[in-house]
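Lettered A, B, C and D in written order, each chain numbered from 1.
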């Protein structure tokens, strides 16, 4: 049991009150597991992932906890979290293209970061160079400035850096979405390799693109409006989803091979509720074709079969 | 009928226009009424530049665009306005398409002022409602609101409705659904596909092969401003000939199948665009590779000639 | 603008019904809560009020010799008298009036030039941009005060209008550059393209679509130009190029210096005009920062 | 980089050209007979008026066609001649200016550089530190809004006129003959101090505010957040933010050179400090227009040189301009 998140609540503070972007979410990620975190924009997936490493100053953790290898992560304590960051938990941010200091040579920046964590750069340099070569980068990128690299190269440098100290947990936030398909594939492959080689113990891959998760993830958590609605092995989510939202979402995705002329796909009418004042019961109810009176009560997350959790009254 | 003939575009690099960076090179294809043509390319391929040139938002460097036989570059003043009556566009970022200071209706107001000045208020309102309903919007839901109060899907529909107010024959749709949520994007896609049933020609610009395959009759594959493969969508996707097209198809993540394991030495790892970059570098460094010749490998399917091996006709499978 | 800045993550809540009218309320809320804005505006407002009511509150014609010379501040001469026996208080409130006039006119002219140049360069681009940009950069390097020296040397006395025009002609380049940069970034937005696709003419796009999106920025620019104009005219008058006869804050300091107020310890002659300038300009700067914080949420919380 | 400098130099040459043209043109563009305007300020006998008028006309070349006058002006300028000073007759203008420039540079260089460095440091430290921010910031706003001449008057009044800690006027004590003695150097230093402090303080405020605001922006940049997610200590994040914020500050320095020079002019006047600014006042008082025109050109050239120095420093500090340069030259 590597990562165990229990009843986590994370909120943004706004003038009009707290916006609970993550509302009472529980799940766990096993050693060696790559878990996908999927959902549409605004569902809280990115907030959830980021809060495990770097809780933004505008956010607050209002409840719940996260255990990593049995130790509770001090999510709300910025300074205490520093002991875990980089060494135990690491984040590949959404903004990898601009994550590197533009006015520092990459090697210099890495050496300064490493040294600031009381590690000798000399000790990690051979491993750093080995891993750069591993992901197909020449070691002379260390002597370059970020603007000299392409987007895909920057993405890989950031991934090598964040995983340099073999973290127990890696959170990869939309790492493939800004990339071309060919680079996307390389980066996706990298996530799997990092796990296969035992560099990263557990991985959370956050993306809005389910088809990327099919390629890399062992299991998938689907979020909707701050809630976890379904969690299952990847193949189950794609082929036999039980939550109406997941079902409709997957049915709406065009894929190479599907043509309008032959088969017209359908989207989901309506849009997600406001998280400032979310509806009492099931949050998907007003868009759900199956909704009925019982949906006015919030459905619990139930394990329908081993490893397949669904939060829906209609699923069982 | 909109024709692109040897269309090229170079951007000025550096000060005083010294050094030109080619973005589009000798591109030719046409957009026929009643069809969707997909223009597929990765970032930096010049696909959006082509769309902007068609819409006269960027000047053409060489070659020409003709609409019903008339060179679009020659249009000025009222003639250009008449062109815009027939040819319209929708862009990628729905929020950027709306002026945040004003209500979303402003996009209609501008058209009313410029094109329908002689229309009575009631007629205009009826026309607007018809158009909104044609894109599946309830006028009461969307009129009088600011863009940030509406969803991305609603906004893109508003923009399509705006184009439909005019007598358009060609619609340039530039990555219109890439910023929309998965659950609503297919509806906008279907809306565009439905336009061809009204006899419109649609240029669907995208980086996403699955979307192009889903919606279009014709496909153009573009890389670094050069057309590499062009033809009927079924043929390009069913029988891809150019190594780049094949690589794209192999790399696109699918819902029901896994990536094939990478063969050793396959370029996907380093990626095709992994050359260190810098604006204007290619232009002043090594000479440009010549624009390859397009060879017809089967009726309605042209492929760029490659050095590594000549494209062969026939089904490989 | 507000969209980009208020939501940095993709994961913020979707727009809400309650959110519809919020941004404007939020602005007012932050404006009233912003100490810098409130303090800055109060200072400028009070001094502005003093300038407006000057003709009524002044005890005398500022140039009139009302009493014994070199009187320290007292109940009969609120801020004392000059070397010649003029009432410093009357001079001060009239000087304030002059300063505000120069600020508004000079800042206004510079603002008009800056917006014209900035919008044209940013929207038209190409060769027009190159030429205007070069012109801006050239004028940016020429120090205003140096230019003033040769202009002032050859002029027989000036007027407020002349000073305003001089400031207007020389102070605009940095503002034009800033406005050009803003325009460039806005012009690349799709709504400008859409306006062109709607057949809207260029000037109408600039005035109707682009400018409203940077209204807060334009306002801030004007405030800074306003302050600059006051400082420049104070230097101008201090060098003795000021309008003859009239009293300005700069010429008060000039006369005080020229008539040995330092050696004679007539501090009440030169301290008030300096405090007044500092009040207006400092007040404007602080207002500027306060407004910036209100408009730009990134700067708000800390 | 070559292109970067080529463009900059082009701007500077254009500026110089425009400045010389203005310098030549303004006296001629002024309404009415410029010489009559000049002379009307003197109380002159009609006979001496006529003599002066004709000599000025000759000196200004006013008899020649305009294009001729313009070319002659350039020719004289390129031969290093700016005419003869009236105030210090018969010294040439260049000599008079050269004597004053030493004093101005001794004042301007340290005041500009030190206020820039100190302002940046203090502003950086104050950013995001509540207590410091609340004290340094208001103080800085007061300073930056202060007219130079007023701060100069205030310091002269309090520290010289009242407290007699510093001398009130001049570049050195007139009882001393300029020699390399300790007494003379001390005299130079004490006379230099107050004008220096004036320029330093006003400049300091602006730099502190600028740096403080830039740091706040930088600390919110993506690279700063990324460093935080790697558990980098605040010290490192701030160091990076500071280094990056220096770049726009340097641009700001180039932009404010004109203002700084203007400040030096009025400050020197208050302290009777025998630099360029003080010379301006003497030239104005003695109607020495050749001297004024010469000073104008000197200031322009000085500001252009300073701009160039800032450009060079910028390239040294920002690696990206260097890379751009390599690309350009390859």
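By our rule, contacts are C-beta pairs under 8 Å (C-beta built on N, C-alpha and C of every residue); 3 or more make two chains touch, one makes a residue touch a chain.
Since the model is a prediction, treat every value here as computed from it, not as a measurement.
Trainee: State which chain is most central when centres are taken as means of Cα atoms.
Mentor: Chain C is the most central one.
Trainee: Please flag the chain sitting at the greatest distance from chain A, going by CA centroids.
Mentor: Comparing chain centres, D lies farthest from chain A.
Trainee: For chain A versus chain B, what separation do you get between their C-alpha means, in angstrom?
Mentor: So the centre of chain A lies 31 Å away from the centre of chain B.
Trainee: Counting only Cα atoms for the centres, state how far chain B is from chain D in Å.
Mentor: The answer is 54 Å.
Trainee: With chain centres taken as the means of their Cα atoms, state the distance from chain C to chain D in Å.
Mentor: 22
Trainee: So, what's the distance in Å between the C-alpha centres of chain C and chain B?
Mentor: So the centre of chain B lies 47 Å away from the centre of chain C.
Trainee: Which positions in chain A are in touch with at least two other chains?
Mentor: 41, 147-148, 271
Trainee: Residues of chain D that contact two or more other chains, please.
Mentor: 323
Trainee: At which residue positions does chain B touch at least two other chains?
Mentor: 15, 151, 278
Trainee: Sort out for me which residues of chain D touch chain C in the complex.
Mentor: Checking each residue of chain D against chain C gives 11-12, 14-15, 18-19, 22-23, 26-27, 30, 34, 37-38, 40-41, 128, 130, 141-142, 144-151, 153-154, 156-157, 160-162, 168, 213, 216-217, 220, 255, 257-259, 261-262, 265-266, 269-270, 280-281, 283-284, 289, 292-293, 295-296, 299-300, 303-304, 307.
Trainee: Mind pulling up the chain C residues that touch chain B in the complex?
Mentor: So the residues of chain C touching chain B come out as 1-3, 14-15, 19-20, 130, 189-191, 193-200, 209, 212-213, 215.
Trainee: Looking at the complex, which residues from chain C come into contact with chain D?
Mentor: 134, 137-147, 149-156, 174, 227, 231, 234-235, 238-240, 250, 253, 256-257, 262-263, 265, 267, 270-271, 273-274, 277-278, 281-286, 289, 298-299, 302
Trainee: In their shared complex, at which residues does chain D touch chain A?
Mentor: Spelled out, the residues of chain D in touch with chain A are 221-223, 225-233, 235-236, 240, 243-244, 247, 318-320, 323.
Trainee: Could you please specify the touching residues of chain A with respect to chain B in the complex?
Mentor: 40-41, 136, 144, 147-153, 180-186, 188-189, 208-212, 214-215, 238-239, 248-250, 252-260, 264-268, 271
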